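Same chain, two partners: subunit A is paired with subunit B first, then with subunit C.
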Partner chain A sequence: MTAATALFLLVNGLTNGAIYALLGLGIVLIYNVTRVINIAQGEFVMLGALTAVGLSTGRAAGGLTLAVLAGAAWALVACLRRRLWAWLWLPVLGGAGLWWLLGALPAWHLPPLLAALVAAVTVAFVGAALYRLTIEPVAGAGEVVFLIITTGLYLGLQGLGLLFWGPGSFSFPSVHAGAIRAGGVRVSYQSLLVLLATLLILVLLWLFFERTLFGKALRAAAMNRAGARLVGISPSRAGIVAFAISAGLSAVAGVLIAPVTYATYDMGLSLGLKGFVGAVVGGLAGYPGAVLGGLAVGVLEAFAAYSTSAYGEAIVYGLIIPILLLRVLVLRRKAAMP
Partner chain B sequence: MTRRGAPAGGARVRLAAAGVAGAVLLALPWLLPAFYANLLCFIAIYGGVATGLILLTGYAGLVSLGQAAFYGIGAYGAVVLAGSYGVDPWLSILLGTLLAAAAAYLVGLPILRLSGHYLALATLAWGIIAAILFTQLAGLTGGPNGYTHVPVLSLFGVAFIDPERYYYLTLIFAVLAVSSLAALIRSRAGRAVRAMRSSEAAAASVGMEVGRLKLQAFVLAAALAGLGGALFAYFIAFISPSAFDLGASIRLLTMAMIGGAHPLGGVVGAAIVTILDDVLQNVIPNASGQGGLVQVIAYGAILVGVMMVSPSGLQRLLSRLWRLRVRAGPELAAAVRAPAAGAPAAGAPGEGAPGEGAHPAGGPGAGAAEPGPVRLEVRELGRRFGGLQAVDRLSLALRGGEILGLIGPNGAGKTTAFNVISGLVPPSAGRVALGGEDVTGRGAERIARLGLARTFQNTALFDMSVLENVMTGCYVHTRGGVWRGLLGLGRTDEARARVEAARCLARVGVSELDAEAGALPVGKQRLVEVARALALRPQVLLLDEPAAGLRHAEKQELAALLRSLKGEGLAILLVEHDMDLVMAVADRLVVMNYGTTLAEGAPETVRRDPEVIKAYLGLDAA
Partner chain C sequence: MIMGLLAAGSLLFGAAYAQDIVIGAAIAQTGPASSLGSGEVDALKLFEQQVNQAGGIMGHNLKIVVLDTASDPSKAVLDVRKLVSENNALAVVCCTTSPESLAVIDTLQRDQVPNISLAASASIVQPASDRHWVFKTPPLDSVMVTREVADMVAQGVGTVGFIGFNDAYGQGGLTELKKAAPEQGVDIVDTESFARTDTNLSSQARKLVNADPDAVLIWAIPPAGNVAQKALQDAGYQGVIYQSYGMTNETFLRLGGASLNGTRLSVLPVIVHDKLPGALPFASVVQDFVGQYQKTYGATPSSFAGHAWDAGLILQAAATKVLASTSPDDTAAFRSALRDAIEGLQGFQAVDGTFNFSPDDHSGLGSTSAVMVTVQDGAYQVVQP
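Now for the complex of A and B:
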């Protein structure tokens, strides 16, 4: 392997790794606040990428339909909870009306940046609604129940992705087609954008958690649910926000990676799992750890794929097991109880 | 399957019901239109595989998201051996099954150290790796295009090709899977698997080999998956990797989740999912043209819905149909009243099953026994958690026929000391000797086998009936592993364990043998835990606040029980906050504060010790 090849693989790996890092951040955020291991994290990436593609190219924007349906269901549940029987018609009719409107509108061709923004917000909303509809009602259930629920969500969302956009693979226009040359390696602007965006998001998240009251409240809810509740932080609201931020982050990751790898309905699971591997490498609790872990997984994957093409994927997944074992052993040493 | 000793009328009804069900199952291919025979074969195959997953997920509490890997290993193993290497097809089914079991052993050995969702994720990773291997090892498996050289299964010239005939093969598989699971879960090994799910710590402290049991359940479930996979491969005569991917694993898990923890759960779940598949594929496309899609979305929705509405699936409904509880019949009550061979006559205080043969030093005269040899010796014991020294140079010696009270303010380290002594938490310093044998650092299960039994401060009863809970205490001195459980053997041992458990319960004064343990009031639950500990026939008994939640009269009964146990030569270490009780029964006291020994001596001396008063009541009181 020449130095140029190695550098190329490194840049490639870091680009993918940045995406895994964003996913890892989302996974850690959700896990910290709600104790949910979200198998469906990658589906937020898929929804984000395909919704943005749809909005910018005039194909069906299924993400919006999903958001309308999820929002209507959310409102319906809220009405049922509060026994507002007289208002039940509102979410039903409102949802149906919006759905009809989405279908009736002419094809959209939003500029890419706007499409990306709308997609991120839409997916963030879908994420929050899914938490409210599936996780929150069983908030006291065990972690395994959560895991199976998100496995169901993964399957359902992937099916919806296929329903909305079909089996094709879609490209999203990259921000600038060119590339710079550094050290004999061609680094595309898109790669740079991915890395810079990841960095920016990290800084924003840090500011949010350190400098805003709600960010601090989220951290409190992550550390001690009962304690947070006692000082007036609603775990349900914390969960909704965590899911929204996490889903929005993943959607951004989807928009960023779509120009590089093409977006398909089934892109989510493998991305999500690699994000998870990265998060676990980083300790499954800290945000910087998740980012470093994600980058490491990306680089490792790039080199593994180069040297043993067919089994590159298997090696990355295979990493999950020793890493989990190591983590559990370390935890056990520290743990206060067996 | 009727339970032995059921009222004759009930047994007859059940036998008749089983007979009718059997006849219907045999006649099904003729009763239904030809097309359905296909569906029946799939239901039986998936049903058998899902039954294994029920053992794993429903009973042992180990979620597998990679079961399709073992299913695939069985399938590929069988047909590749037969098709490419000329192995006899029937033999290849056996070899495929063994291959899946061997793979499970190798994979399970490391990953079963994980638990909860970490384990689920590890199995998920394993499932994906296996799916990649099925595709990539194209020389063996035919790669993504699939494997087609599947020979035909035939026996004495009768070929199993058409579904009507193949159905009987799959039916044998499903019935075998269901009946062996039903036998297993009621056996000693099955009880251990269920106990482990409720509380691994409590399971280990009654002497169950938690790690080995997990591995056995994992291997057994994989063997069923492998056998099902082999039958599947010979049935459809063509296999490709897509049948064994993550989607397939989730599908199997959906079946198990719908069915819930019941031997019939796998088959019922498989029937529901398979029929639903068929409806979605064949009925809905006519309307929308997108059957496969709706199917995937429906799986997701079902999985989420089942988990939200009823995480235990159809378990309750199925249990009503076919009860599998070990029940205390009238003959058990009689056995408890009647003197058993070799045991002293029941009724008099200080005598009963727990004492038989376990501690010869004891005599019937309650409270009068001479202190026996040192049973438990703790020297300079320490346990540090990060920056907290929970137990610090604790030393004590406990003799047979002695009650040692371990007291101290909250947070003094008493419970940690219990956990270290009983082997649940390894010590960071010091030694523990049991009956003269150094047991420092040994696991709880080995320490329990050496004659130490304990109760828990926050009761840790298993999710089963009171009688079954106490029967788990007999684990160490009965025999019968997974194999005997599967075959339904070991009934005499079971009967003995039932009688002994009932005796232990009679001794602590709990009569609700058939009640769910979790449904009892807390005080009663503590007594059941004491009974479970007694069923171990221990030499050393560690009681962690046994009187909390007891009423006054019950406390007096407990004190009498402790005295009579002491009279039998049992060494008892008692942590208790009720000072009246401690002062009344303890021969000596050890006072702990900040993890270390503050005072030691006779109750009256300790009571007047100024240091002790200071620790309990604060500086001013001293």
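Now for the complex of A and C:
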């Protein structure tokens, strides 16, 4: 292996690792705030990528339809909760009306950047709505229940992906075709965009959690749910925001990776699992850990595939067990110390 | 007049009691091979409609039951079992991909049901002694690989690299390359593989680029073959890229776009149906199929649709012969007679070529089924020999 090859693999690994890092961030954020391990994280990536593809090429904008349905369901549940029987007609008719409107509008051909933004916002909304509809009603249940619920969400969302977009693969235009040469290695503009976007998102998230009141409230809700409620932070609202941010991050990751790997309805599972591996490597607790874990998984995958061709993925997934064992042993030793 | 009424009544009665010829089809309508399966289902449905409009097979209605395997070999086995036991299929068309087709061999041989596979790998029909009930319509990968290696030699290629699926299809291509390349004086310098669901192939591409072969042979299906080609180009590969006949559907051209210019591959005659020399004995069958497919679906058929159409043609010809002596009511006897009839087909003109089946050869196609083409501006150009 020459230095040029190692550099190539490193750049490639970091690009994919950045995507896993975004996913890992989303998983850790949701876990910290709501104690939910989100198996459906990869599906938000798929929804983001395919919605952006649909909006820019005039195909079924399935994400928008899903958002309308989820929003109508959310409003319906809210009316029922508050026993506003007189208002029930609003979500039902409004949802039906918006659905009809989506179908009646001529096919949209948005520029890719706008399509990506709309897709990210739409999927963020869908994520929040799904939290409100599926997790929040059983907010006090154990982590295993949440795991099962999100597994059901993954299956349902993948099925909806197949329904809206069919089994085919779709490409999304790169931000700019072409590449730069750095240190003898060809780095495509798309890779640069992925790395820069991830960095930007990290900075924004850090500012949000450190400098804004709501961000601090989210961290408080993550640290101690009961204590947060006592000081007036609504755990429900915190959960909604956490899911919205996490789903939006995943959608952005989907739009970034779609030009490289082609978007298809079943792209979510392996991405979500690798993001989960990254989060586990980072300890499932801290955000820097999730990011470093994701990057490490990407780089490991690149080098493993170079050495062993088809076993790259197997090595990455096989990493979970030794990492978990290591963590248990380390934690036990720490707990044993005075 | 009474006799007329009686005759009409008995005809209706008879027609109502003429047993359906039930053919089962387990096709990958979803999953990684869905872009292949969709064309196959379209062709099968069109074939069924055509046959029934023309009066069925000797007056019997043709019924093709299609089940989705989701490109999963385990599901393919379940689907085939269902078709054989619940639907009482007289023959089965399975499956879209080589791994699925290999997975169902055991259960079909045990249940003694003739199967026509739409997949590529030679091991589906070899060794012939172990494949009594299995046939296939696509040409053997050995035929297609040999044609590509011959083209490589003509292009002055001395070294070749290989990247393909790590399953029956990809490794079948590699096995044939390992046989054909040394025979024609081409050295294999590096081989890489990847799983069907892998989306990141840059590492394997980099390794191939480091080995610096004159040409690279990619043995996969869309979209994976597109990803591999893109990865090679992104890793800076400058040589000639060869693809396989598993790539010939519209997904390949749509996803690849202008980056495919100069790619070379050996394809089935149906892909270049408008440039076929009329002297080929099966040219009229190809034109007829393409014409009907275009009229119904408004698009040119993929080679996979052609494989499925041939399965239909073969089963129709065999069933026509068998119905003279056996009734479809006797499932076991009909299946056995159908198998014998298929094996006896000689000089049978179909979309993929001229089939000559025999007890030793359940593939039946020769080198006339391989046409060398290059991709230019989203279309295939025939390479003049």
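The criterion applied here is as follows: the second predicted complex is superposed on the first by the 331 of 338 C-alpha atoms of A that agree within 3 Å, B and C clash if a C-alpha of one lies under 4 Å from a C-alpha of the other, contacts with A are read in each partner's own complex, and residues count from 1 in each chain.
Here is the rule we go by: a contact is a pair of C-beta atoms (placed from the backbone, for glycine too) under 8 Å apart; a residue touches a chain by one contact, two chains touch by 3 or more.
Predicted model only: the values in this text are computed from it and were never measured.
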| said: After the overlay on subunit A, what do you see for subunit B versus subunit C, clash or fit? | reply: clash
| request: Using the touch definition from the top, say if A:G97 reaches subunit B (first), subunit C (second), both or neither. | output: neither
| message | Per the contact definition in the header, classify A:G184: touching subunit B only (first), subunit C only (second), both, or neither. | response | neither
| query | Between subunit B (first) and subunit C (second), which does A:V138 come into contact with in this model arrangement: first, second, both, or neither? | reply | first
| query | Touching A:P288, do we find subunit B (first), subunit C (second), both, or neither? | reply | neither
| First (subunit B), second (subunit C), both or neither: which does A:E313 touch? | both
| Can A:L162 be said to touch subunit B (first), subunit C (second), both, or neither? | both
| If you stack the two complexes on chain A, which partner ends up touching A:P111: first (subunit B), second (subunit C), both, or neither? | neither
| message | Just checking: does A:L324 make contact with subunit B only, subunit C only, both, or neither of them? Give me first, second, both or neither. | response | first
| request: State whether subunit B or subunit C is in contact with more residues of subunit A in the superposed arrangement. | output: B
| Which partner does A:T261 contact after superposing on A: first (subunit B), second (subunit C), both, neither? | second
| remark: The intersection of the subunit A residues contacting subunit B with those contacting subunit C is 162, 310, 313
| said: So in the complex, the part of subunit B that touches subunit A is made up of which residues? | reply: 61, 63, 65, 110-111, 113-114, 116-118, 120-122, 124-126, 128-129, 132-133, 136, 200-201, 246-247, 250, 253, 257, 290, 293-297, 299-305, 307-308, 311, 385-386, 419, 424-425
| message | Touching residues of subunit A toward subunit B in the complex: what are they? | response | 37, 39, 134, 137-138, 141-149, 151-160, 162-163, 269, 273, 276, 310-311, 313-314, 317-318, 320-322, 324-325, 327-329, 334-338
| Contacting residues of subunit C [partner subunit A, same complex] | 29-31, 34-35, 38, 166, 192-195, 197-204, 206-207, 210, 222-223, 226-227, 234-236, 251, 255
| field | In the complex with subunit C, residue positions of subunit A that touch it | value | 2, 5, 8-9, 12, 16, 162, 166-169, 171, 179, 186, 188, 260-262, 264, 266-267, 270, 301-306, 309-310, 312-313
